[in-house]
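Below, chain A partners chain B and then partners chain C, in two separate complexes.
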Partner chain A sequence: MSKEPVAVVGIGQSKHAAARRDVSLAGLVREAAQRAVDDAELSWADIDAVVIGKAPDFFEGVMMPELYLADALGAVGKPVLRVHTAGSVGGSTALVAANLVAARLHGTVLTVAFEKQSESNAMWGLSLPIPFQQPLLAGAGGFFAPHVRAYMRRSGAPDTVGALVAHKDRRNALKNPYAHLHEHDITLEKVMAAPMLWDPVRYSETCPSSDGACAMVLTDRAGAARAPRPPAWLLGGAMRSEPTLFAGKDFVSPRAGRDCAADVYRQAGITDPRRDIDAVEMYVPFSWYEPMWLENLGFAEEGEGWKLTEAGVTALDGDLPVNMSGGVLSTNPIGASGMLRFAEAALQVRGQAGEHQVPGARKVLGHAYGGGSQFFAMWLVGAEPPER
Partner chain B sequence: MPDVRKAPLVVEFPFTRSLGPVQRAFLTGLRERVVLGVRTTAGRVLVPPAEYDPDTAEELHDLVPVAATGTVTTWAWNHAPRPGQPLTGPFAWALVRLDGADTALLGALDAPGPDAVRTGMRVRVRWATERTGAITDIACFEPYDGPPEQPAPHTGEFENPVTGIVAHARLDYTYTPGRAQSDHLDALAERKVVGERCPRCHKVYVPPRGACPTCGIATTEHVEVGPRGTVTTFCVVNIKARNLDIDVPYVYAHIALDGADLALHARIGGIPYDRVRMGLRVEPVWTEGAPHPDHYRPTGEPDADYDTYKELL
Partner chain C sequence: MTRQIAVVAFAQSDHRRTTDELSEVEMLMPVLHEVLARTGLRTADIGFTCSGSSDYLAGRAFSFTMTLDGVGAWPPISESHVEMDGAFALYEAWSKLLTGDADTALVYAYGKSSPGSLRDVLTRQLDPYYLAPLWPDSVALAALQAQALIDAGDTDEPALAAIGARSRAAATANPHAQLRGPVPQGDHLVRPLRTGDCPPIGDGAAAVILAAGDRARQLCARPAWIRGLDHRIEPHSLGARDLTDSPSARLAAEQAGAFERPVDTAELHAPFSSQEVVLRKALRLGEEVVVNPSGGALAANPVMAAGLIRIGEAAARIHRGACDRALAHATSGPCLQQNLVAVLEGDPR
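This part shows the complex of A and B:
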């Protein structure tokens, strides 16, 4: 029996900010969920199940937040599932929701992801003082910066590429009213003049810490036929994971990421991603991850990703726009960051991305990763339903 | 049975909470000795109030004051209160439906013993002397035999509302590092670095975890590696970490010890930070009494060729 086609018919996100002190955690999640339900022109009663995701409970210190948030998400009498895969959780949450529709278990599913970082202790929550171990010396940026250096050595990329990415993404964010950072006076010179936090990663090339939530309404073919606006159709979706550390792990281009992309392309009939895919919204918390993921996802040969960035191919008006929304570099509520990537891909193929719309985007990839480059989640969405 | 290495692990954070409109009014009300509920779409009054209707998911706004007197709907006796609980001596945990409310609020009930508590008994709020706008402004409930209080009307608007609270959380664990890490620590005490080899893929893991993550099988064969190694990659850290007594900038490096099949992470010293490079040959620097090498320093050997460590990046 074939799978049920899955359509995205509602998308909502909060206004992201360093601190949303005006709302409770429930209020923040509700803001995104209400907008998604409104976008689909549905009511809470039309939702059959809720799938929710966030980063570790330690971040906000709310044990099992799905219990507390059930009221705000209209979950009475419905199944609620919680997904957790570190920073990729927003992506895998959406895929779990999509699978419930594809399996015809539920007709219409609300999926939500969030983080209220201003009320959280992400830094501490990730750096527990484990006895008998030397303390982590460097924080999240320090974990990833050596891998960026390894990429620079391996590819021979000029050391300006990271700044180009940060400048582009922060410029794109100016066109996205929901983005956290709106740096109207950003220039390439300012990006490059910023201090090195974890050399080779500059302050200006790291993601902010944000409060935010994202939600989507996913539905079946019948639901899509009733939708008031064009749906985004799921053409392929996959998740892969691998250990944080193992002998032979390629941190620059992890195998789990390559395999995950290959699975998505196989499902969607993509043979040449560079030619067949119109735009990519990928998880880039540190600027250099754009060229690294371009290679990992098959848009460039190994060692060649930075050439696309440098040539302007990944600019909003380029041949393969990357991170049209401004990306994680402009908005990073960790648990929601993966879903924001997936939602932006869907907005693009629906033609609903506003000022950051890529004209004629028909197939767009959404990508998320998490942990120590060990959890990957991706989906490819299209303006047309999958061929069967 | 051999001694098992163990140590306390305390995870303790002060979390902040923004309250939103409903909890803001509820907690500020407690500060002013006013208990506010919220009326649902169907007309029920929820205490404590919810932001969203548990039945219909509608957003709720209609705040209504209820009495500080009420009825116990069920209870359990707490023989041995733990630190941080509302009362230091034995008390009853009780669900109390305040007069005017349709749902019950959880609280401590100060009673001489379990024989003095029953479902249906009348109680009232005992207010804390110092109130800050927190649930602890209700010190506890106490037995009460007077008439139901009549709450005065209230809009739910207050001067200087409480907009956030700080919630302290603490978890106490006993951490045991296990067999493989204990063996590794025992060797470190003799200033040796010992890893474990996978019997299937033959990769040497340092520090060992007792299993090969690729093959999924136990590792037991000890292999001494290093002490010298090669810096495969690194970053220069310019921000001072909390609770870490290291001056910035310093170099945080991945070091492949000779004979190991993956890099471990350590600090580099004994060389200016801006002269550290990929391929630098290093060795551990031990300090008396410390369980791990303090840092690694250059050996003075020529740099390793990129091809010799590129697979370990």
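This part shows the complex of A and C:
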């Protein structure tokens, strides 16, 4: 029995902002979900199941909020699954939803991810004291900065590369009307003049804290045939996990990330990612993760990723555009951030990415990671259906 | 031809009121070792792993990352997690096996209710704008449902007491149960529910291994084949629901094929005696069906694992030849808002 091919036929996202005080939690997810359903030109009755994801429930102070959100998502009488795999959750959620179609359990599935971080303080939400456990520093930046430093030492990259990434991503965000940060007066000098937050990560090189949601409608071959706009086809998808801390763990290039990418490429028949893939939307919460993930994902040899960034290869008009949407550096509702990456990849191959469209993008990789560089979720989408 | 997937092994902890001396990992580890030992599999042999747990019980964000250490995810594994009862993790794993991407799956769930006040914690599950600020606790909401049943003539207090007594009598044969044997019906906790109508609060963990087709037959003498599996949700607002009925449980059972042939056994996740009344009606279970031979959630209710345990208990009865066709049920949310139904069968003997 072969798997049912999966197509993305509807994509929606909310306007992202530091605080969406104009909407409730239900209003926020509904905004993205309604746009996805509208984009697919479907009605709520056409949705067979809902798969929702978000990061820790402490961020909004609601335990298992999918119970309360069932009505807003038109899910009454339907199956609802709630995924939580840390920062990779937006990607994992889409993959769980895709599985329901691939397994032929459902024809059309709505998948949604969100975070409304203004309801609390995300940095301290991540730093709750646990009895008998070592405190995990203040927020994610404190955890990741040493690994960035390790990358710099290992690769010999000049310390300007991080600023180049931040400058590029924030400028890309100016072309994305949904992005949280729109810094119209940004310059490389301003990025480099920003205060150091977690050495070597400057304030200008770290992600914002956002309220936002993302949604997609996934469907089978028959659903894709009825779609009003070109679908994005799932060519490969995978998740990989490894423990947070262990002797010999490579925080700079975790094996789970490499294995995950290899699985996706195998499914999609990708032999040379640098040549075969047209663009990448990857999870870069701190600027330096662009060159680090370029290596981890096989787009550059070890220690060489920063050279692609420095040469402008990853610019919107470069040979391998990275984070066309402005990325996590411009928009970060944590639970939705992974799905925003997956959705941007799908928008690109559908030719629906507007001002941040990469001309002729046929195969685009969406990437998400979470926890202590330990949870990975990726999908490769294409303009053509999978050969099988 | 759809792939046939079976539950091939089940293990659970002894469920206890408190496990102060154990972290979540320490509570879960022996259960993982036991379930793997039953099949002879090692972590590296497992194709997909999926777990269910809640950060709100653990009192920390990303709590499931700790228990991943108990699995030993090295080399890296294909893995996912739901912030739901483990029964829903089993659903995700089942869908993964159906695609053919994996032939075996490890599913686990755990919850420690003892560190906090569970009745208060569960109020955080409610609509955060209109309901949660009033802190209506889980027992009070279940009592509303019980009163609605009594008002509708579906049950009365003695009948509810008999459900509690039957469950704890059955649990005398279950060494993992927290409440066994004669338990006083007690005073009203929230009228009309007495302490005997309510589940014990406690800590526990459970794990299941799924396998597809011939792999299942290699790993288990009598696999518990999942003939159907489905889950459905209802409106969140209690005012929008008929609390004496469970249309979502009935629909899930229909979709899972539960009504195609009678079952001989049902493991129902009914934390309150009154909820068994609702479920028996919705799932059309007659007197001839053995309900909750394990003692059910009235004998042990480790939140986040109790639903998975129902599937595990039903499967274990099939494994040992005590049952041929079983219905297993899991629930989530206030007053049975969300319900999952699995139909399990053993090969003809």
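In this section, the second predicted complex is superposed on the first by the 380 of 388 C-alpha atoms of A that agree within 3 Å, B and C clash if a C-alpha of one lies under 4 Å from a C-alpha of the other, contacts with A are read in each partner's own complex, and residues count from 1 in each chain.
Definition applied: contacts are C-beta pairs under 8 Å (C-beta built on N, C-alpha and C of every residue); 3 or more make two chains touch, one makes a residue touch a chain.
On a predicted model such as this, the values are computed, not experimentally measured, just so you know.
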**Prompt:** Regarding the shared-chain residue A:G74, is it in contact with chain B (first), chain C (second), both, or neither?
**Reply:** first
**Request:** For A:A193, decide between first (touching chain B), second (touching chain C), both and neither.
**Result:** neither
**Asked** Is A:R154 touching the first partner chain B, the second partner chain C, both, or neither of them?
**Response** first
**Asked** Now for A:K3: first (chain B), second (chain C), both, or neither, which partner does it touch?
**Response** second
**Asked** After superposition on the shared chain, which partner residues are touched by A:G61: those of chain B (first), chain C (second), both, or neither?
**Response** both
**Request:** Mind working out whether A:L105 is in touch with chain B, chain C, both or neither, as first, second, both or neither?
**Result:** second
**Asked** Which holds for A:A225: it touches chain B only (first), chain C only (second), both, or neither?
**Response** neither
**Request:** Please indicate which partner A:S24 is in contact with in the superposed arrangement: first for chain B, second for chain C, both, or neither.
**Result:** both
**Prompt:** In the superposed arrangement, which partner chain does A:F246 touch: chain B (first), chain C (second), both, or neither?
**Reply:** both
**Prompt:** What is the shared patch of chain A, the residues that chain B and chain C both contact?
**Reply:** 24-25, 58, 60-61, 70-71, 76, 125, 128, 130, 132, 243, 246
**Asked** Can you list the residues on chain A that touch chain C in the complex?
**Response** 1-3, 24-25, 55-65, 67-71, 75-86, 92, 96, 99-100, 102-105, 125-126, 128, 130, 132, 238-244, 246, 254-256, 259-260, 263, 371-372, 374-375
**Message:** Going by the contact rule set out above, which residues of chain C touch chain A in the complex?
**Reply:** 1-3, 23, 49, 54-56, 59-62, 64-65, 68-69, 72-84, 88, 91-92, 95-96, 98-101, 121-122, 124-129, 132, 230-237, 240, 247-248, 251, 332-334, 337-338
**Prompt:** Okay, in this complex, where on chain B does chain A touch?
**Reply:** 5, 7-9, 11, 13, 15-21, 23, 50-57, 59, 163-164, 167, 169, 175, 177, 181, 185, 201, 203-205, 212-214, 232-239, 241-244, 246, 249-250, 252-254, 261-262, 265-267, 278, 291-292, 306, 310-311, 313
**Request:** Give every residue of chain A touching chain B within the complex, in rising order.
**Result:** 19-27, 30, 44, 58, 60-61, 70-74, 76, 116, 118-121, 123-125, 128-132, 134-135, 137-139, 141-142, 145-150, 153-154, 195-201, 243, 245-252
